[in-house]
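Shared chain: chain A. Partners: chain B in the first complex, chain C in the second.
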Partner chain A sequence: MKVFIDPPNSLILFDIVERFGHEPLSTMAALQERVNSMEIDMPPMNVTLDDVIRGLKYAGIEVPSGIRGRLAVWGPMIDEADAAIVMEEAPFAFGCVGCERTNVMVKYLLKRKGIPILFAKYPEDGDEARRFVARAREFLEGLG
Partner chain B sequence: MTIKIAQLSCGTEYSSVQPEIAKAAQSVGAKVVYPDVGADDIEAAVERFGFNPRSPQLKLMIARAVALADGKYDADAIFIATCFRCAEGALVRNELRRFVQENTRLPVVTYSFTERMKAAQLLTRMEALVTIVSRKEILARERQTGLTAGIDSGSSTTKAVIMRDNEILGKAWMPSYNVVESATEVLEQAMKEAGIKFSDIEAMGTTGYGRYTLGKHFKAKLVQEELTVNSKGAVWLADRQRGEATIIDIGGMDNKAITVRDGIPDNFTMGGVCAGASGRFLEMVTNRLKIPITELGALAEKGDWRNAKMNSYCSVFGIQDLVTNLGEGKTFEDVAAAACHSVAEQVYEQQLQEIDVRHPIIQVGGTSLISGLVKAVGEILGEMPIVPPDSQYIGAVGGALLSSGMMDMGE
Partner chain C sequence: MSGKKETRLLMISPASTVTPDLLSRTIHSMGRPVTVKETCYGCLIEGPPEELREIRDEARKMDPHGIYSKVRAYPAGDPRRCRAQHGTRPGYAQLEWEWKALAHMRYALDCEAAGEAPPAEKTRKRIPPREFKDICEEIE
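On to the complex of A and B.
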């Protein structure tokens, strides 16, 4: 199944989802595709004006362009997600996407979609980390 | 009966606009109310809604919306407003609008305000909310009966229609100048075509910017804002009175996007901040190209908008773009196509994001006669809009149709 990860650029969440047999939906894949398949119009991310306009599907014109541009990248992944893992209160090093408004909107869009979501607090020590991996495994195996 | 408009907002009290909102509501016979919620209910409401904003007042807005959705508070319509340029507010405003539409049958209008907002800017929107609530029976009317007239006093043109037993007998339009004189002239022309005299008219409906002046002058039975009247005219002309539709009306001064269910509007947006997205801009373009506006559509259809860059939100800068393009040797056809595309794109970006577009899409108003603009709207939306016959007469037809309902009710 396709599992959206939040933060969408978390390498650890990406790895966990992949290890338990599912397809992680991540920023890396979305941006990789842009960088590989198009000319570099708007380095470094290659998020173009057309992308920002496409972001209107997820947020109105009055919403700042940086939010709409981000949602243009993650929105389509949320649309195709079958499930999601959301790590809350994660530090920058775990996966940082820079905009709190976008992050709140991403969580909202996931909830509105009504798919199974695992919400987890960022583990502070080894025990919490092990417990999180166990929960993630149980969640991912339960997806079938 | 006083119509209760539930206000869900953030920042109005600190932006000096709250008295203007109350004034606009009061002037159309409505009262602004605030759904009561307990402090303990707020977190649960936010959790249920799914969007957890940082701003406490936005959380309160959400809790109030949930109270309305759960029927814990009684209101007739909903007004949702947040500060212009607040990203969090804009996100919540649009999603709350979606939420209340999914969970209630109350008409909704959304607005983003600045400290300069005055009651007059809200008047048409508030009036439309009140009309939808208080004139449901009249709005449900699908057939015109008797001999009635409708006059639409628009910012660019004035239109009149004479109808008898659900058929248009006469119609006329002209550019607006003096409100009463323009209306009198088009009414006389329409009556002449219909072969009737003024005393034969059993009822009249007026709409548009000059509606109050004309209503008083002609003693009209119906004086009503253009959002509901145009919707009725549009679905009547397009023969889509039942089911859902989206009506797009790109006007001379402001644009309207209205969703309807069985001909009655339940959500609408009305834009008028940026003239670059208006019919007036296209008029300015034709002046610069020195062609009649009636030729713009055909010219645009022959061109390719991709060849000329035009996408300014401002009509003045838009004309500068046009001059630059012409200076670079771009063809009139490409420039005309780019102007149409620019207007259509901005209507899409500014208006159609605030409503959930329903199908079919019906494009009306004088600008729907510009075929290049209809083509551009179709390209952007991925679906060609329906342009009904006499699409520029929606307001006048709606006025004639709805005023016949007033006649039956003996008003």
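On to the complex of A and C.
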């Protein structure tokens, strides 16, 4: 099954989803096509006209362009997802995901879609990591 | 074999005894049609997606819970990202942060493989007024 991960560029989540036999939906895979396209010089900092139009499906015209640009990449992945794992209170330094408004919109879109979602926190010690791995395993194995 | 190429990042947990050098050499010695670039955190491998998944599984035999991987959007050595060519590296802060958490993940996966149940979550509860009063008196 396709599992959306949030933060969508997280190494830990990408690895855990693959380890337990599912396909993670990540920013990196979505951006790979854009990176190889000659039209875009410096993704993800530039967006094309098509991205702006695609972003309008997920956020209104009054929403800042940065949020719309991000949702143009993540929105189609949410549409495609069968389940999601969301890390709450992720450090804001997470590169291109350092936009709290977009993160709030992503959580809203996921909840509106009605797919199974696992909310977790980044482990800060061994015991927290054990609880997180146990929950992730149970959730991912339960997806079938 | 399809012509599609993918780049994958392999990162070693700080709790692992595997080094980036050992990881890169092991992947080189597999003789697969992929490009390998050693980095400070592990290595980057580039080639057909199916090959990369097989290499990841092979490499993990050295330390099953100590080597982590994810897909990378940019090819290895891309001038827009490669430090050697003064490229920007906006995602590096995140990689560094997650690298620190990998030691906990390794411990958790080891315990999981050994069949140990995770410890119960600590619950915060109110302390009785008498106990609170004792603490206050101790501080005074």
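Just so it is clear, the second predicted complex is superposed on the first by the 130 of 144 C-alpha atoms of A that agree within 3 Å, B and C clash if a C-alpha of one lies under 4 Å from a C-alpha of the other, contacts with A are read in each partner's own complex, and residues count from 1 in each chain.
In this section, a contact is a pair of C-beta atoms (placed from the backbone, for glycine too) under 8 Å apart; a residue touches a chain by one contact, two chains touch by 3 or more.
Keep in mind that what you see is a predicted model, and the values were worked out from it rather than measured.
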Please determine, from the superposition on chain A, whether chain B and chain C clash or fit. fit
Chain B versus chain C as contact partner of A:128, first or second or both or neither: second
Determine, under the contact definition given at the top, whether A:14 touches first (chain B), second (chain C), both, or neither. second
Chain A: partner with more touched residues, chain B or chain C: C
Quick one: angle from chain B through chain A to chain C, Cα centres, nearest 10°? 170
Is A:27 touching anything from chain B or chain C once the two structures are fitted on A? First, second, both or neither. second
In the superposed arrangement, which partner chain does A:59 touch: chain B (first), chain C (second), both, or neither? first
Does the superposition put A:1 against chain B (first), chain C (second), both, or neither? neither
Which of chain B and chain C A:137 touches, first, second, both or neither: second
So, does A:91 touch the first partner chain B, the second partner chain C, both, or neither? second
With the superposition applied, I'd like the minimum CA-CA separation between chain B and chain C in Å. 21
Residues of chain A at both interfaces, chain B in one complex, chain C in the other: none
Applying the document's contact rule, which stretches of chain B touch chain A when the two form their complex? 50-54, 84-85, 87-88, 90-91, 93-95, 112, 348-350, 353-354
Provide the residue numbers of chain C that touch chain A in the complex, in ascending order. 6-7, 9, 11, 68-75, 78, 80, 90-95, 97-98, 101-102, 104-105, 107-109, 111-112, 116-119, 121
Can you list the residues on chain A that touch chain B in the complex? 53, 56, 59-64, 67, 100-101, 104-105, 107-108, 111-112
Show me the residue ranges of chain A that touch chain C in the complex, using the header's touch definition. 7, 9-12, 14-15, 18, 26-29, 31-32, 34-35, 42-43, 91, 93-97, 122-134, 137
